[in-house]
Amino acid sequence: MNRFNGYHILSTDSFDKKSLLFLLDISQELKERLKSEGSLSLLKGKILATLFFEPSTRTRLSFETAMIRLGGQVITVEQGDSSSIKKGESLEDMSRVVSAYCDTIVMRHPEPYSVRKFSTNASVPVINAGDGTNQHPTQSLLDLFTIRSEKTKIDGLSIGFLGDLKNGRTVHSLIHILKKFDVTLTFISHNNLKLPETYIKNLTENGIKIKETENLEEAIKELDVLYVTRVQKERFTDESEYLKVKDKYHINNKLLTQAKKDLCILHPLPRLDEISTEVDTGPNAKYFNQAQNGLYIRMAILSLILGKYKKN
Amino acid sequence: MNRFNGYHILSTDSFDKKSLLFLLDISQELKERLKSEGSLSLLKGKILATLFFEPSTRTRLSFETAMIRLGGQVITVEQGDSSSIKKGESLEDMSRVVSAYCDTIVMRHPEPYSVRKFSTNASVPVINAGDGTNQHPTQSLLDLFTIRSEKTKIDGLSIGFLGDLKNGRTVHSLIHILKKFDVTLTFISHNNLKLPETYIKNLTENGIKIKETENLEEAIKELDVLYVTRVQKERFTDESEYLKVKDKYHINNKLLTQAKKDLCILHPLPRLDEISTEVDTGPNAKYFNQAQNGLYIRMAILSLILGKYKKN
Amino acid sequence: MNRFNGYHILSTDSFDKKSLLFLLDISQELKERLKSEGSLSLLKGKILATLFFEPSTRTRLSFETAMIRLGGQVITVEQGDSSSIKKGESLEDMSRVVSAYCDTIVMRHPEPYSVRKFSTNASVPVINAGDGTNQHPTQSLLDLFTIRSEKTKIDGLSIGFLGDLKNGRTVHSLIHILKKFDVTLTFISHNNLKLPETYIKNLTENGIKIKETENLEEAIKELDVLYVTRVQKERFTDESEYLKVKDKYHINNKLLTQAKKDLCILHPLPRLDEISTEVDTGPNAKYFNQAQNGLYIRMAILSLILGKYKKN
């Protein structure tokens, strides 16, 4: 049964394990249908409005492509900061108005919980495409989809996280989902960028086996999946501190000789130099597949919330 | 007969009462067809170019949705200020070039009469979506459509205008249309924001019964329709003056106990706090319907100027 | 045979005379089919991504219209400078990601050779829509198409270039193509804006008859085609120097009494006052046809690189 029909997608909190696996199955089905049929017509006559109050090429384009590949159409606000907002209009009013022009809305906004606020008055389903430091649910879902696609399962995996574990929204969201599975999580970071204590506590309470370390060379040996993130310059007030922390870890082919042959390396992108480009052509680099998988997850979500997909 | 076929829509001056009613009828027909058929194909194969030299989410998106719901396609310039204009190209040259790429053009530009100038060399019909302080004809038409939809008629109504009557483009345009009907108009405003004398004179010459007052509590009792507008901060050089004037009038539920049960409250949006949000859920709030009606008026105009609609 | 199928269009260097004529033929066919059929469906189900890291209304809209007239769909980045780029993402990474969302990419970027760099990792054909001072191949191709359309041939023509021959990208590109034909080229410019010596040398080596002069009145008498360009203010550090040079040449009706009756005047647009508007309505002004021809050349290229067109 489609439990997404008519619902907003604001965070990953509301998904239980069964819903998550259902969503991955639909994404996989749509991936295969797209491959064999070229483009679909499930959303023919439907309009998606993408409202971006903070630019994001990758996310916006992948939602728009998802809609078009499903036979739908798109209207877009690429630079939302310059319009009605400036005139002081509330998100709740804007929501009522834009709802009248489309069948579903994808919104990105720099302020935490703004998309939830916007959705309150919306008469069509709203998808959160990132609300500041809070949530970006479709990113976590595509991460999960990629892990299952590459490793054929999720339960039983040993998954490492590397980089800025303190501030990284994608890390926090993915952890939140993974705790519903039987996984071992390893957190590898500079001492200043460790996963906040509340997350550690929450994971332990959920019975997740966790490890924390600064030693990547050692930790990488046991991992099935390594999720790498960018250390964001804008988080540091002191540039020298940033440079020190940033250059602590690099994934390159030499390091990978220590890893399992079938280690799956992920990265939410954009990457700077956390991963050497020499890794790109090897068998472990899965981050571009991951970006592509965003298309299938978004196709699944769009067709489900619009009630146009039934799993066979 | 379709007297709009091939014509520009630059101002509401050219519409006689018969044309106005014709347009409202087509809009109503399209509203009903859209409801029953989902989307139409009257403009299949046609391209609308939306050129916005000043951002306007609401107006642009509603035109684009109108085009798509009619089966057409859209190309758009969301941030027109940054392109050819900068290179010094004349509006007349740009018009010839863009005309070659589409079947109709919707344009917004901060300069009064710029859209008329642009239309001179256009080889396709051009719709003015707002040229500074001058005109925004589709706004007035959707206002009129909403009044007739909500009250089933226009002749015989008592219609009030509240807010910045001195500078408000939407007020001036709507007055201009309403003077072709048999209506009573009441102008309620702070003394500094009164309707300019030329408008008063013109209305009187056209035989329209008018009243002017500062007393909203008294005036509201007799109204069938109240058209509320925002007091625009940018019109004041002195902020304290702005604050004094802005806070003079507020529509809330307490005030509405003085009004007719079926008073229809309109607002071109965006609103600040002229109307309390508690009013939104009551029976008098029609401003969100009004915004939605923009879709039907724009569908009617697009299909008429492209010669694709015949009234039965 | 379609030798364009699957290829990037980065510069005009790779086109031999046969390929050029093939492309002009396809463009002409599509122009005629568009006229008779309204819109085509050769690219149904295909998505074009337009990525503009520098705004260009004319070029972007004409590519988007070309795609839509062929039955395809478009996703667009109008203001590319504000997004991922800012986060430091490499063009090569962005290319892999965007490739996953579309079937072909049109890109403009202010940096020379950036589009080539971007194309390296692209898994779909990439079209250069201008990379700074380097190339803008579809402009030259539409110039060539216009010359042949207006004069029915290219070999044997006497073609003049006027304006900023030193810096003008469009002039340099078109020369590059014309040297593959049997033409006489006349370069008319202020002494400070002469065609660079390397171009002169290269043309001479290719057996092209050339003339250089400052005297427009004299030179214009023998020309079949006159290609006029804008003197770009941004090339001058001294404004008075700019004004002196800019005002040296003006095309007006008086001057045209000296020219052949069927002189074909071209201009890549936008124009400032190099050509008086009185010329626009005369028989020699072909620059707006030229802009329109961009549509047919771009339709031809899109359908050819996507393997959807076979010449009969």
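The letters A, B and C name the chains in turn, as written, and every chain counts its residues from 1.
Just so we're on the same page, a residue touches a chain if its C-beta (ideal position, glycine included) is under 8 Å from a C-beta of that chain, and two chains touch if they have at least 3 such contacts.
Only a predicted model underlies this, so the values are computations on that prediction, with no experimental measurement involved.
Among the remaining chains, those touching chain A and also chain B are C. Interface note: chain B and chain C, two copies of one sequence, contact each other through mostly non-matching residue numbers (shared numbers fall below half of all numbers used). If you average the CA atoms of chain B and of chain C, the two centres end up 41 Å from each other.
Chain A has residues 76, 78-79 in contact with two or more other chains. By the touch rule above, chain C contacts chain B in their complex via residues 38-39, 55-58, 61-62, 64-65, 68-69, 74, 76, 78-79, 230, 269-272, 277, 288, 291-292, 295. By the touch criterion stated above, chain A contacts chain B in their complex at residues 45, 47, 49, 51, 73, 75-80, 82-84, 87-89, 92-94, 96-98, 100-102.
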